[in-house]
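Naming follows writing order (A, B, C and D), and every chain is counted from residue 1.
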Amino acid sequence: MTTTTGPHPTRRLILQGAVSVALIGLGNLPFAASPARAAANDKYPEEAFKQKSEADAIKALYGRNAEPSDKVKLDAPEIAENGGVVPVSVTTTLDKVSSISFFVAENPYALAASYKFAEGTIPAVANRLKMAKSTKLVAIVEADGKLYSATKDVKVTVGGCGG
Amino acid sequence: MASSIRVRANANGDITEVQALIQHPMDTGLVKNPNGELIPAHYIQELKFECNGKDVFVANWGTAVSKDPYVKFSFKGAKKGDELKISWTDNKGGSDTTTAKIA
Amino acid sequence: MKRTLAFAMLLALGLVAQARAATEADYKAAYAAAEAAAKEAASLRHQWTTTVSTLAAAKKAADGGDFDRATAAAKEAEALAKASIFQATSEKEAWKAMEIR
Amino acid sequence: MKTRLSLLLGSVSAALVAFALTSPHVVAADKIDPVTDAKAFQNFFFQKFPNVKHEDFVNGPYSMNEDMKRQWQEKEEFPPYEFALDAGKEMFSTPFKNGKTYADCFPNGGIGIRQNYPYFDTKEGKVVTLELALNRCREANGEAPYSYVKDEMASLTAYMAFTSRGKPMDIKIPDDPRALAAFENGKRYFYTRRGQMNFSCAGCHVQSPGERIRAETLAPALGIVNAMPIYRSEWSGMGTTSRRFVTCNSQTRAVPLEPQADEYRDVEYFLSYVANGLPISGPGARP
């Protein structure tokens, strides 16, 4: 467990204690759906997947904005080998992560994928996404009710000499 | 017909690493076929991984997930021999499910 | 510079001379020549995809009655076919220059 | 203006004459010598890329670019050709209507033999590729042949290639003038410029492997067919050697020949022979 180096370590510990107590109460629920961890609701986020822009998609999915954080490590190629199959992965040192989502800004619909994490599932995921053209790629991690993001630019062009 | 889901689950210590590759066209609905008609959208919307009766990981996918989608994640709390149940449903109501023993 | 200027003048004159609309006969002659060249290129197994598409465009324009465009496209197809024939014949020996020895 | 022009013309013709005299190959009638050709071909790449391990050349663009190699190795953990491989294995063991299977058509039941294809059939006097042999097997057993550029053929060749993985390419050229002619015809095709783009195979795969053609990194010609058939992300599907040749042609705006045309079989014969000794790495995953 990362050592807590915050200004008021004791207050943090108490806080964590309180939160975990609350969690135990909800232990049997696969998803700690308590308000403190407003994970994306369980059913398929139809609305969010319909949004064109990345900002609207984030709002539709989470309802609030994320703050960039270096605790979210987003890995994607600088030049995509092929726009149809771009390996993208995220790992994070944040804890109590309830969901991780990927947004491809330049795609017709920004939200590409959203993953829900249960208790005990390691907050990391790798997948292969499609990117229409060179684009900004945003990964958002929802941890302990707050949103953290990481961004990377991926170059995408057609291959071959054209035909 | 062999299942459309290929999965590998290996446990080392308390952490089980899961990789899945699913055979599915993942059509976006924006692509035309050779004689110019739009191929209708056909993509997996939800992919669920259950172990010991608990959903350990759920993926909600849009049209931007690659064809023959692949996903990798790990989770704690399972051991060798436990059964992992994987199931997906797509936007046309298609679905498939399979189980795999954790190696 | 002087030479290119003269060349441009000549070209302009040429265009003015055949300003009258191309007739179906012009198109048919141009298309026949293009088709013959394309056949030869195919027999040499050196046909270009652009020859085929330009020839098709010529035919389509002719079917639509636009003989100006059809004749121009047929002439272009012929030029492409001839270029691919030249490529085939010159490469018969030229390829050796690239060979790893 | 005029004097400079004639000077230029003079020097060019002088150079040409000099070139003709110095290289004996051009003067003496070319004797077809595959062994020397193969040695020269391999040395060209070994010297051009001294720090690429010899057996790495069969990994195409990934032998040329570290970052892409990492992405490829990640993908190889769970490769996209997995389905074609399973399908091929299943097809290989499913008997034809007459009860026979592919195993009956091939030496050693078709297992671990891909490295000997294509071979020169002295009876027929032609090169026979694995894809051609598979379709001939189907026809001999009353089954309709598969398309050379579609998934079924790719699945079969993927499975057969998989059973030969790691085995060194082992192509033989019998002492038969028609076999030497086929080798030479393949070599000529490989170096001949075609299409409106006026590219030859060598233009990309000998002169500039490792460099990019738009987003794609070009593979070296050495070992380029060792990974066949390949799953290409660009096609998001499997591709046989035939499909690769056909699409390469149309990319340079050359009208492709019919799959398994003599020229294609001969160029595959040439490319496989000069890669003798390098391991089979099919089926491969490519951009």
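Heads up, the rule we're going with is that a contact is a pair of C-beta atoms (placed from the backbone, for glycine too) under 8 Å apart; a residue touches a chain by one contact, two chains touch by 3 or more.
The structure displayed is predicted, hence computed values, not measured ones.
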For this session: Just give me the whole-number Å value for how far the CA centre of chain A lies from that of chain C.
Result: 57
Seminar exercise, completed: The distance between the C-alpha centres of chain B and chain C, rounded to whole Å, is 54
Exercise. Between chain B and chain D, what's the gap in Å when you average each chain's C-alpha atoms?
Worked result: 35
For this session: Between chain A and chain D, tell me the centre distance in angstrom, where each centre is the average of that chain's C-alpha atoms.
Result: 43
Exercise. So which stretches of chain A touch two or more other chains?
Worked result: 84-85, 163
Seminar exercise, completed: Residue ranges of chain C touching at least 2 other chains are 49
Exercise. Residue numbers in chain B touching 2 or more other chains?
Worked result: 66-67, 70, 72
Exercise. How would one label the connectivity among the chains shown: line, ring, star, complete, or other?
Worked result: other
Problem set entry | Chain-to-chain touches, reported pairwise for every pair that qualifies | A-B, A-D, B-D, C-D
Exercise. Which of the residues in chain D come into contact with chain B in the complex?
Worked result: 77-78, 80, 82-83, 86, 90, 236
Exercise. In the complex formed with chain D, which residues of chain C make contact?
Worked result: 42, 45-52, 80, 83-84, 87, 91, 94-96, 98-101
For this session: Quick one: which bits of chain A touch chain D in the complex? Just the residue numbers, please.
Result: 77-82, 84-85, 87, 155-163
Exercise. In their shared complex, at which residues does chain A touch chain B?
Worked result: 30-31, 40, 44-45, 49, 84-86, 89, 104, 107-109, 111-118, 120-122, 124-131
For this session: Could you pull out which chain D residues touch chain C in their complex?
Result: 23, 25-26, 30, 37, 40-41, 44, 187-188, 191-196, 198, 200, 202-203, 206-207, 250, 253-255, 257, 263
